[in-house]
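Letters are used for the chains, namely A, B, C and D, taken in the order the chains are written, and counting of residues starts over at 1 for each.
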Amino acid sequence: MTDEQKKEEQKPASPEAAKPAAVAAKPPAKPAGPAPEPLDNEQVRRLRARFAATIGEATLDRKQAIVVVARERLRDICQYLRDEEKFDFLTDLTAVDWYDRSPRFHVVLNLYSFARNERLRLKVPVADSCPSVSGLWSTANWLERECFDMFGIVFEGHPSLKRILLPDEWKGHPLRKDYDILKQDTDWVRENLGIESGQ
Amino acid sequence: MAQPQDISTTVLGADEIILNMGPQHPATHGVLRVKLKLDGEKVIGSECIIGYLHRGVEKIGENRSYPQFAPYVDRTDYVAAVSNGLGYCEAVERLLGVEAPPRARWVRTILTELQRIASHLLWLGTHALDIGAITPVFYTFREREEILKIFEKYCGARLTTHAFRIGGLQYETYDGFEEDVKKFCRDFEEKVDEYGELLTENRIWVERTRNVGILTAQDAIDLGVTGPVLRGSGVRWDIRKAFPYAAYAQFEFDIPIGERGDTYDRYLVRMEEMRQARRIILQAVDSIPEGPILARVGKVIKPPPGEVYHSIEAPKGELGYYIVSDGTIQPYRLRIRPPSFINLEAFDKMVRGHLVADVVAIIGTLDIVLGEVDR
Amino acid sequence: MTLLLETLKPYLLPLIRVLVVFLGISLIVAYLVYAERKILAHLQVRLGPMRVGPHGLLQPIADGLKLLLKEDIMPAGADKGVFLLAPVISVIAAFTAFSLIPFAPNFYITDVNVGLLFLIGISSLGILGIILGGWASNSHYPLLGALRSTAQLVSYEVALGFALVSALLLAGTLSMVAIVEAQQRQGVWFVFLQPVAFFILFVAAIAETNRNPFDLPEAESELVAGFHTEYSGFRFSLYFLAEYAAMILVSSIAVTLFLGGWLRPFARVRALDFLDFTPVAVLVLAAAWCFRECFRYPATREWRWQRLLLLGLGVGALGISAGLLLPARFLPGGGEGLPAFPALTAIQGVFWFMSKVFLFLFGFIWFRGTFPRYRFDQLMSLGWHFMIPVAIANVIFCSLAIVLSRQMGWGLPATLWLGTAATLLVAALLRREKA
Amino acid sequence: MMFAQGSFYVLAAVAVVSALLVITRRNPVHSAIYLIVTLLSVALLYLQLQAEFIAAVQIILYIGGIMVLFLFVIMLVKLDVALRQPPFNQQWWVAGAAALVLAVELVGVIYLGRGTAALPQAPPGSLQPNTELIGRTLYQNYMLPFEIASLLLLVAMVGAVLMARRKAS
């Protein structure tokens, strides 16, 4: 375990920890609004026992279980969850851009278990690359491509990581927070559509 | 079209043809483009090229306030706008920690189930048209029209309805709403049987759909497909039962499933879903409770920080909204889990080894809407 | 001058007939398209063409003009000569074949003693138009369409040929006129003696004309428009013309062989002779409809032309029916040796022939509105594994039946029905094997 | 008679010219089209000889059947390769000379024998229905050779299928 790895593991905790503080600073709009609370059930304990420090904070937000995991062992954790905890269905895979934090992105995996009728959300803090889970769930193939397309997160081990919704030659990743809503790849538009600008 | 010289490179089974279907093709249901690798007429590989209708709906969501964004979701799956609206409104309500009053939930259920029938009718018509039966499409549009008329009377719009508001409904039901819905249900029962008579027992229809595009339950789960496609593969899973929302917990209905996971099973599943939807509507319309239609959500919708994933059983499959709030009036991140997009991913698996004619059958059976695939 | 007239005289009458048939078929094709749109529309709870003329009656003319005026586009990589030639081949093949069809005992262009063989031969030339057009377009969809088309036509021609042979066995001749006369002589239409052959002919005819449920070569949802995807304007309309002419042609063949050609139903039953007046009844009904519609149209200026047209049509129909009822004794010369209503008698053949053809065509259109489309391999398997074996079995059993009835002196119909029963048994076995 | 002779020469010329075009065109589809023209004009010649049955069979089998299959196969072949290859090999002039000699011989024989071997004249008016005649001849007088020929064809067919099968598997 090198220092660098340690640093990575600790990182996920910090933005999560920072969040309640930020809420407290602002006057809440509605006092009775739901707020995240820490989660500590059998499942999380089993996870922690098995993957130790790679499992970060576990919370319950709006009655939905969220576990932060480190990117290093993501694939092992997913394999374990799929095969032994029976979370056999990857509902969704997406990302959130926390542009002022480090690491910058959260890759969010939404798992579902038919056997237990439960959902589990994994959050993986990543800087710019994340291990691919497309070997575990085929559905991750396109979802990871979309994530790459929209956020520029590289999924290591993906069979054919290329853009899916935007044209292959497009520059920029539109769902990043620093990509303005009016922004576009003007060169591409000029070259391929023959117009100056859509706006 | 591909380059002219491609044709001449085809020597008796030695080389394959690359056939480009779409984005302008009569059977790709919009601007789907499929590149097919053919050996004769047999498909040996495929690639879906999508994004022609990408409008950056998720990006727009991050730049609009919560109520402002509601009309946008109507335009993802634009043939099932009511369902989209329900999913979004409930997701935001859950983020806020409020629940719509019972009357609103009942009306939402009725309208959403009507929308399910409308969406399935559109699917049935176009699917049959793709397989060469040109008549059912007119019949199904006739019934769909009745549903759209109810929508129009209720909220003034037919297609992109924006029927619901965060916290409940904006409009009270109009006078005669119940009668209209009941009349539709009364007429619809024999109509759906009529479509069945045209197709279910039709030998050609059965031959064209049986054992075409088989998706085993294992594959279906692996590929993440949802909705009728998943149920057609024999997985009895429906969010209306698994995580009841709106008022579904109050009603009795069955979840039809298929056995073989082929196109014919998916056809039967959707046909039965229409009947079940009618059953739900009839139960709901008889028991609409009195009361307010809008919960107290405040003038400015400003959910506390946190996140929520809420999904509903849209006509196409699991339609999920993953919303991250940072405590402002705009979502920090708004992700739509599009059932069409993920179901379309199964296309390649389903189409391999089949003929070109089956490709259109499989596109049809997936029931995709490009507005939702591309968002 | 008289010499010239004398030399031309033997050619004059056939020429006029050719002209009449050609124009007649073109007109029927145009209105067949109209009928198809109308019938399909009413099957599909809509109205169909309603704008051009009353009830869209002038729509075919508008469509024809539109197609003529459209730009003729040729793909860049197309093989020019072949591309231009292909639709012409199709049209020529489709129209030439009509020269052998006996529309009435007194109205046909020519009668050859191998007429039926020629008919099959000429109509099989039409395939060349399709296959060359598909190839010359230099594009994937037309090529696939042409390939499908060829395989389909060649396969179903076999079944069609065997079905025809079954009818020939009964008629004992290849001449189209003689076949109808044989039915007249035997007093029964061959469809009642050879139902299986008729059924096979019907199915094969649908396949031969690329109609639903066998319309794969131009399956819109799969191959966009099949072999004529790249054709536009006039050249497209040539293909269109050929296709619908082919429909009429196969219907005519079926009618001639199995439905007694120009013969009136129950031609031998004197008690039903009043059926001879059916043409008049049809015309009067049509006139009545015209007048009713004429009065139902709003009496405003913008509908004036429509109402006038309807009125004209109604009056025309009445006039024709009056002409048909013109008794012979009013004719110059007192109508010696003429039937009581010469005009009515003269059109009997054509009337019944065309009525049966339309019945057939209605079947085509009805099928189109009802059935989904077969897949290519299913179509082939149906053709080779079912239709052809059944057709062969039918030929064998029926020739056996004919021989038996000749040798043993059994009644022909009963023996043939026995043969048919044997064929049906074979068919049932084949189906079970498949399932 | 004038008309008949004129049309004979026209048809014969068309047949010969298009036959030449069949072997000189580089594009196999064009060759096939010219072959169809040849076959068609030969069929018309049969018709002129009042051999309707043969004419009809010529059209059905050769044009409607065989040529369609020809085209079918040609479409699947690499055309650009065929276009680049020289249409004749190096011995083409030997073959040409041989053909020329043969033609001269044929013309000579017909010319020399014009007095001794008169060509049979078709009787005026229509013949007996020759379809029936052919049927009688084939199935009564020459039953055995006919059946042997059909057996041979069957063998050829089975052989072809077998060869195709083996290659595929």
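Everything below uses one rule, namely that a contact is a pair of C-beta atoms (placed from the backbone, for glycine too) under 8 Å apart; a residue touches a chain by one contact, two chains touch by 3 or more.
All values derive from a computational prediction rather than experimental measurement.
Peer 1: If you check the contacts of chain A and chain C, which chains show up for both?
Peer 2: B
Peer 1: Farthest from chain A by Cα centre, which chain is it? Let me know.
Peer 2: Measuring from the centre of chain A, the most distant chain centre belongs to D.
Peer 1: Could you give the separation in Å between the centres of chain C and chain D, each centre being the mean of its C-alpha atoms?
Peer 2: Going by mean C-alpha positions, chain C sits 32 Å from chain D.
Peer 1: Mind checking the centre-to-centre distance between chain B and chain C? Centres are C-alpha means, answer in whole Å.
Peer 2: 45
Peer 1: From the mean C-alpha coordinate of chain B to that of chain D, what's the distance rounded to whole Å?
Peer 2: Once rounded, the distance between the two centres reads 62 Å.
Peer 1: Averaging only over C-alpha atoms, locate the centres of chain A and chain B and give their separation in whole Å.
Peer 2: Once rounded, the distance between the two centres reads 26 Å.
Peer 1: For chain B, give me the residues that contact two or more of the other chains.
Peer 2: If we look for residues of chain B contacting two or more partner chains, we find none.
Peer 1: Could you pull out the residues of chain C that touch at least 2 other chains?
Peer 2: 143 - these are the residues of chain C that touch more than one other chain.
Peer 1: Can you tell me which residues of chain D touch two or more of the remaining chains?
Peer 2: Within chain D, the residues that touch at least two other chains are 76.
Peer 1: Quick one: which bits of chain C touch chain B in the complex? Just the residue numbers, please.
Peer 2: That would be residues 40, 43-46, 76-77, 138-141, 143-144, 148, 212-213, 215-216, 219-224, 368-378 of chain C.
Peer 1: With touch defined as at the start, can you tell me which chain B residues reach chain C in the complex?
Peer 2: Touching chain C from chain B are residues 1-2, 4, 6-7, 17, 19-20, 25-27, 41, 128-135, 138-139, 142, 198-199, 202, 204-205, 207-208, 355-360.
Peer 1: Chain A touches which residues of chain B in the complex?
Peer 2: Chain B residues touching chain A: 50-51, 54, 56, 58-60, 62-63, 94-97, 219, 221-225, 235, 237, 242-243, 298, 300, 302-309, 311, 318, 320, 322, 324, 327, 332-333, 335, 337, 341-342, 345, 349, 374-375.
Peer 1: Any idea which chain D residues touch chain C in the complex?
Peer 2: Going by the criterion above, the answer is residues 27, 29-30, 33, 36, 52-53, 55-57, 59-60, 63-65, 67-69, 71-72, 75-76, 129, 131.
Peer 1: Applying the document's contact rule, which stretches of chain A touch chain B when the two form their complex?
Peer 2: Spelled out, the residues of chain A in touch with chain B are 19, 22-23, 26, 28-30, 32-36, 61-62, 64, 66, 88-92, 94, 96-97, 108, 110, 114, 117, 119, 121, 137-139, 141-143, 146, 150, 163-167, 174-175, 179, 181.
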